[in-house]
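By written order: A, B, C and D. Residues from 1 in each chain.
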Amino acid sequence: MRRVSNDRLTILAGTALAAALLLAPSTPSRADDAKTVTVGAILPITGFLSTLGPPERDAMQMGIEDINKVGGFEVGGQRYTLKLKVLDDESNPATVGVTAYRQLVDVDKVPVLVIAAGTRNYQALFRRSPLPVLNILDSTYPSILDVDKHVFLLRSDTPAYVPGAVWYLKNVLKKERIAFIGAGADPYSAGIETWVKKAAEEYGVKIVSVVNYPLNTTNFAPFIQAAMAEKPDAIYLGGVTQEVLPVAKQLFQSGIRDLPVVHNSGVTPTQAKQIIGDPLYNDVMANNYDFAGTLPETSDNPATKKFYKDFVTRFNQYPSDLTMWAYDTPFVLVGAMQKAGTVTDRDKIYQAMLGMPVPANTISGWIPADGGKLFHDRDAQTMSEGIGWCSDKKTIAPVFLYFMDGLKVTREKVVADACKDH
Amino acid sequence: MTEFLEVEGASKTFGGVRAVDGMDIKLAEGQICGLIGPNGSGKTTLLGLLSGTYRPDRGTIKLRGQRLDGLSTHRTVQQGVARTFQTSRLFFRWPLGANLAAAAAARLLTSTGDDADGGQEKLLALVGLAGRGDVVCSSLSNAEQRLAMLAVALATRPHLLLLDEPAVGMSPAETAALGQVIQRIRGELGVTVLIVEHNMHFMMGLADRIVAMNAGRKLAEGTPAEIRGNPDVIAAYLGS
Amino acid sequence: MLIQAAVNGVVLGSLFALLAVGLTLTYGVMEVPNFAQAGVITLSAYAMLWLNQTAACPFWIAALGGLVVGGVVSVLTERIAYRFVRTRPLAAPVVALGLLLILDNTALILFGGDHVSLSPPYAGDVIYVGSATVPAVGVALIGTTAVALLALWLFLQRTKTGRAIRAVSQNAEAAAILGIRLERQYIVSFFISGILAGLVAFAYGPMYAVYPYMADAILLNAFVVVVLGGLGNVAGAAVCGLLLGLLESFGAIYVSAAYQNLFGFAVLLLMIVLRPAGLFTNRSRRVA
Amino acid sequence: MTEIGMYGQQETRQRVRPRPAWDYLGIALLGFGLWVLLVESNSFYSSVLATILIWTIATSGLNIIAGLGGYPSLVQGAFYGIGAYGSALAMKWGQPFWAACIEAVLAAGILGLIVGLVFSRTRGQYFAIGTMFTGLVVSLVLSNWQSLTNGLLGINVEFGFGSINQLNVVIPAAAAFSLMLVRFVSRRRLGWRLLTILEDEDLAEHIGVPTARTKLTGFVLSACVGAVAGVLIAQYNGTISPDLFDYYVGFVMFVALSVGGAGRVLGPLLGSAFIVGTPDLLNLSSGIGLLLAGIIFVVVIIVIPGGFMSAIDAVMAAASRSVRR
């Protein structure tokens, strides 16, 4: 085989490239439409978090449309409208997300960045070009708020809802022996495990077995077997919807049907039907309990009820707590920009965000911190809620409302006959 | 006096089959020795033991008093043993000259640096491939490839050259020419040659001595004329 | 406990065996590590799902349709790509990866990335074996594997085409000299391997979920099986599949669940070092 | 002129009368051009280019064992990962940056030595499979050894350079050096020995090439260069997590090398530019991007077996023929 030497080619390429670059004028940066502010978000549209990203995107779009519908908003005497730009991190922030980050922050120059997973992966980037970052998904423990002072969390953190689930198991369902089955590689699951243990110790419940299955497990039989060996009377599953539901399904398929199955996934009936399959899902979900933020569908607030109806009509899907929080996200951004009096100065917007009040027209029922501020140490909080399943209506209903004060359950309200009420 | 090549009790077993079973051979420097025997009698395996392709299970192999058994193949080559194969093996995508240069350079590591360049043309002339150094090996004819393989083996500057059926696929005329090439190799380079070959006629005219093998053992040894008349050899060939 | 672990192991082993025989069959005739098999499984599973849910076919009809899709897609991979790299063993893995990307992402574009469930009528049933419980879907998997392996064995031993495939697998050149039409055997092997992929989709889909990358992870385990069984050795793949399933199941219970997959990989690496030609073969032509 | 001639008969002449190093000058110019491009373009394109250059280093390393030696190593991603994790952890444990770099490269070299020894007897697809599963084991360890690697969350990396500008110089320089290294090795003893192994390993042994030692040297060198790339990606991203070094990364690096042109000096650059750059620059949704990547892999491998470099050769040969006419 003849091989031509690389000599000429290398020289040609090198000189041509160097010459072209030295001669070519640097490309002018594209001038943005002065009256539109881009809301930039990196969301998991595909990958193992793909149950979460798309509804959040849709809800943010709805929120933006609702703001634009009334003529946008005013900052410094100038009216602006919003537009949404979502990049998919494929549930893989360290590789895909990092690129998306540079695109939104350095090329599109968004004033505030909205992110979901991967906060820790962006730490170095936060330091290189700081800007206010609003996380609307990641409640993993230890909290992502310690990553950078520019990070805000627009949702309740793990310690704000997990202990309530254990409290409910002990005091309402009268269960004493919990088996924990977690997604070993998922930090969200690890955080839940930590707080289940803390709560169990506090309330006097026994954790009889803890098993964690590795990444990409599809057959949970050995893990279920290991968990069941200690004869638990309740099962706690760690992880997100796509991790939790397959385990719940295989628990059912292995004949384990009488024990309550508790998780913190924010699963909607639509997702349950899709992931577990019809008609099996109704049976599998029958003894499931899901503890997280309040759901829009169970709210008394008319604006929240309207959002729920609109979302269901438009996307043929039930919105979750995350979806509701995502709807509020553009309102929080507008509030911060108005308080800061700028739509471009990232530092001023950051300072404004630290002390901003709960913005108007939000629907999530944010519980303000001292002085009416939205963020408690950069974390915005709502009531938490436990939901159960109503087999006859094939849907979910709230069984427990609460707010955690440390490990103390406060403002609690147990709904006795949830399915009838609802 | 130490013999040039001295093999004592060499044995090799493959999966329970004794391919070579206690072979003894002595060769004097500058000899052309033929190795004959029926199919499966262990000739090629013995060649493999000498060239370091295999390691003997038992027995010793000494070249000029130096132990060869236990050495890896490339160490054996560096001790001055080169071989060719039954089927043509060359770096087929390379020109013949590059094949020779690679072989020469590999050898240069342990011996003093000869002029590889001048040597190359001489070698090509010696095997009758003068001026063919720029030809890519895959486009050489079968006979040329067999000669080229010989040249590559010689480029490692061996003292002992092992040829495994060098005349396979050659016409009678080409075979005759090969015989002359081998004579010249012995004559001009002083290389000792051990040939495995089925073509008895070719062998009888070429070899000084012949060793006959059967079932992994030495059957007979002697001049071509002695071997031709040996009843054991005849029986082995005709089958008993 | 012991019985339950054994039962789990047999279910898992059946899955590995079913997946591995398809891989090893195509490896045998063509020496390609057919990573694209995972993509064929995905497309076949989505075909079943589409037929079952969108086109409202009964489950069994949908399953049959999915098998055909699997066979056809598999033959397409051979016709469009693999046949061009037959003589280039080092190009084959690259092409295989490329095909896997194509098939998985075709599924992603057509059906989205969500996990969806394939629900056979028996999805919720449980069968009790002494003190152990087996999901009906697990029994279906064991049954499918048993029937498929038996059928494949009969096909390879008793039919003319089957014998031709074995001949090609042992020595393609010699088979060609004997007048066996290689092209035909390649196509038939890939079709069968596609059908086997369809069977994996049918039996495995209901256990976990259908999504574009559903078979990528288990394919690695199956690959361990293929190498352990001896590349191209169908019987070896079947036996090693079961062994690996049991090993992983008992390993998960008695050693560590987190490193379950690692047992298989560790055995594989040991194997490559100690007995490079595989457990069930004395062929050594592919190694030094 | 053929490259073959260079490590053949001209090898001995070269020692006496070295040729002017036009190749090195060319590569240096190329590196300079890439540096200009890196600092001139906006941060998004710049980051894509930096990633391409870091991949160029890793695949240049791979080029030694896989391109010159013909051994399809699929474990390069693991060496890349060990470079990244090794340097990040060493710095976390208080080592200065330069020491951390050396330790990370040494760690990769030692692993390379072990893997090379373990698979010394395997060839072809068995070697590929063995190295692939080794990569798999490394990536499993990276994601499961929580106490060391912090699992999937990954770890943050201390910045070892004075400024980002320094890093922007180091990356193209290192890429250019990695190309030069392959160019250098290919004309030296190690290089032509690897090439004889690529052609026919048994014959190589029979002309006196110590094949086992040669492969091992090549493999360890590949591992070390891969680790250098890992150090740089850790510095550039400021954060690392196991999915950056998943087992398929080694596979994709091999694909990048094959697509660019295995055994060719510029092959890694072209292949990396193509594999890393295309999805990002075309800004495709992930499904369509990967589908397209898959189609292009298959087409390139089938239609131009020698990769882009051989296509360029063909074009240049045709051009020079038409000029002469």
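Remarks
Everything that follows uses one rule, which is that a residue touches a chain if its C-beta (ideal position, glycine included) is under 8 Å from a C-beta of that chain, and two chains touch if they have at least 3 such contacts.
It should be emphasised that the depicted structure is a prediction, and the values quoted were computed from it without experimental measurement.
Listing every chain that touches chain C and chain D alike gives A. Between the interfaces B-D and A-D, more contacting C-beta pairs are found at A-D. Distance between Cα centroids is largest for the pairing of chain B with A.
Centroids built from CA atoms put chain D at 42 Å from chain B.
With centres taken as mean Cα positions, chain C sits 36 Å from chain A. Work out the mean CA point of chain B and of chain C, and you get 49 Å between them.
Each of the following residues of chain B touches two or more other chains: 93.
Of all residues in chain C, those that touch two or more other chains are 108, 113, 258-259, 261. Residue numbers of chain A whose C-beta contacts span two or more other chains: 46, 184, 214.
Contact residues on chain D toward chain B in their complex (touch as defined above): 2, 4-5, 7-9, 11-13, 189, 192-193, 196, 199-200, 202-203, 205-212. Against chain D, the residues of chain B that register as touching in their complex are 51, 53, 72-75, 77-78, 82-83, 89-95, 97-98, 100-103, 105-107, 109, 113, 115-117, 120, 133, 152-153, 155-156.
By the touch criterion given at the top, residues 70, 72, 74, 118-119, 121-126, 128-130, 133-134, 136-137, 140, 144, 201, 248, 251-252, 254-255, 258, 286-288, 290-291, 293-298, 301-302, 305 of chain D touch chain C in their complex. Within the complex formed with chain A, the residues of chain D that make contact are 1-4, 6, 22-23, 25-34, 36-37, 40-44, 47-48, 140, 143-144, 151-154, 156-157, 159, 164, 183, 237-241, 243-244, 264-266, 280, 285-287, 309, 312-313, 316-317.
Within the complex, the chain C residues that touch chain D are 31, 33, 80-81, 84-85, 88-95, 97-102, 104-106, 108-109, 113, 220, 223-224, 227, 231, 258-259, 261-262, 265-266, 268-269, 272-273, 276, 286-288.
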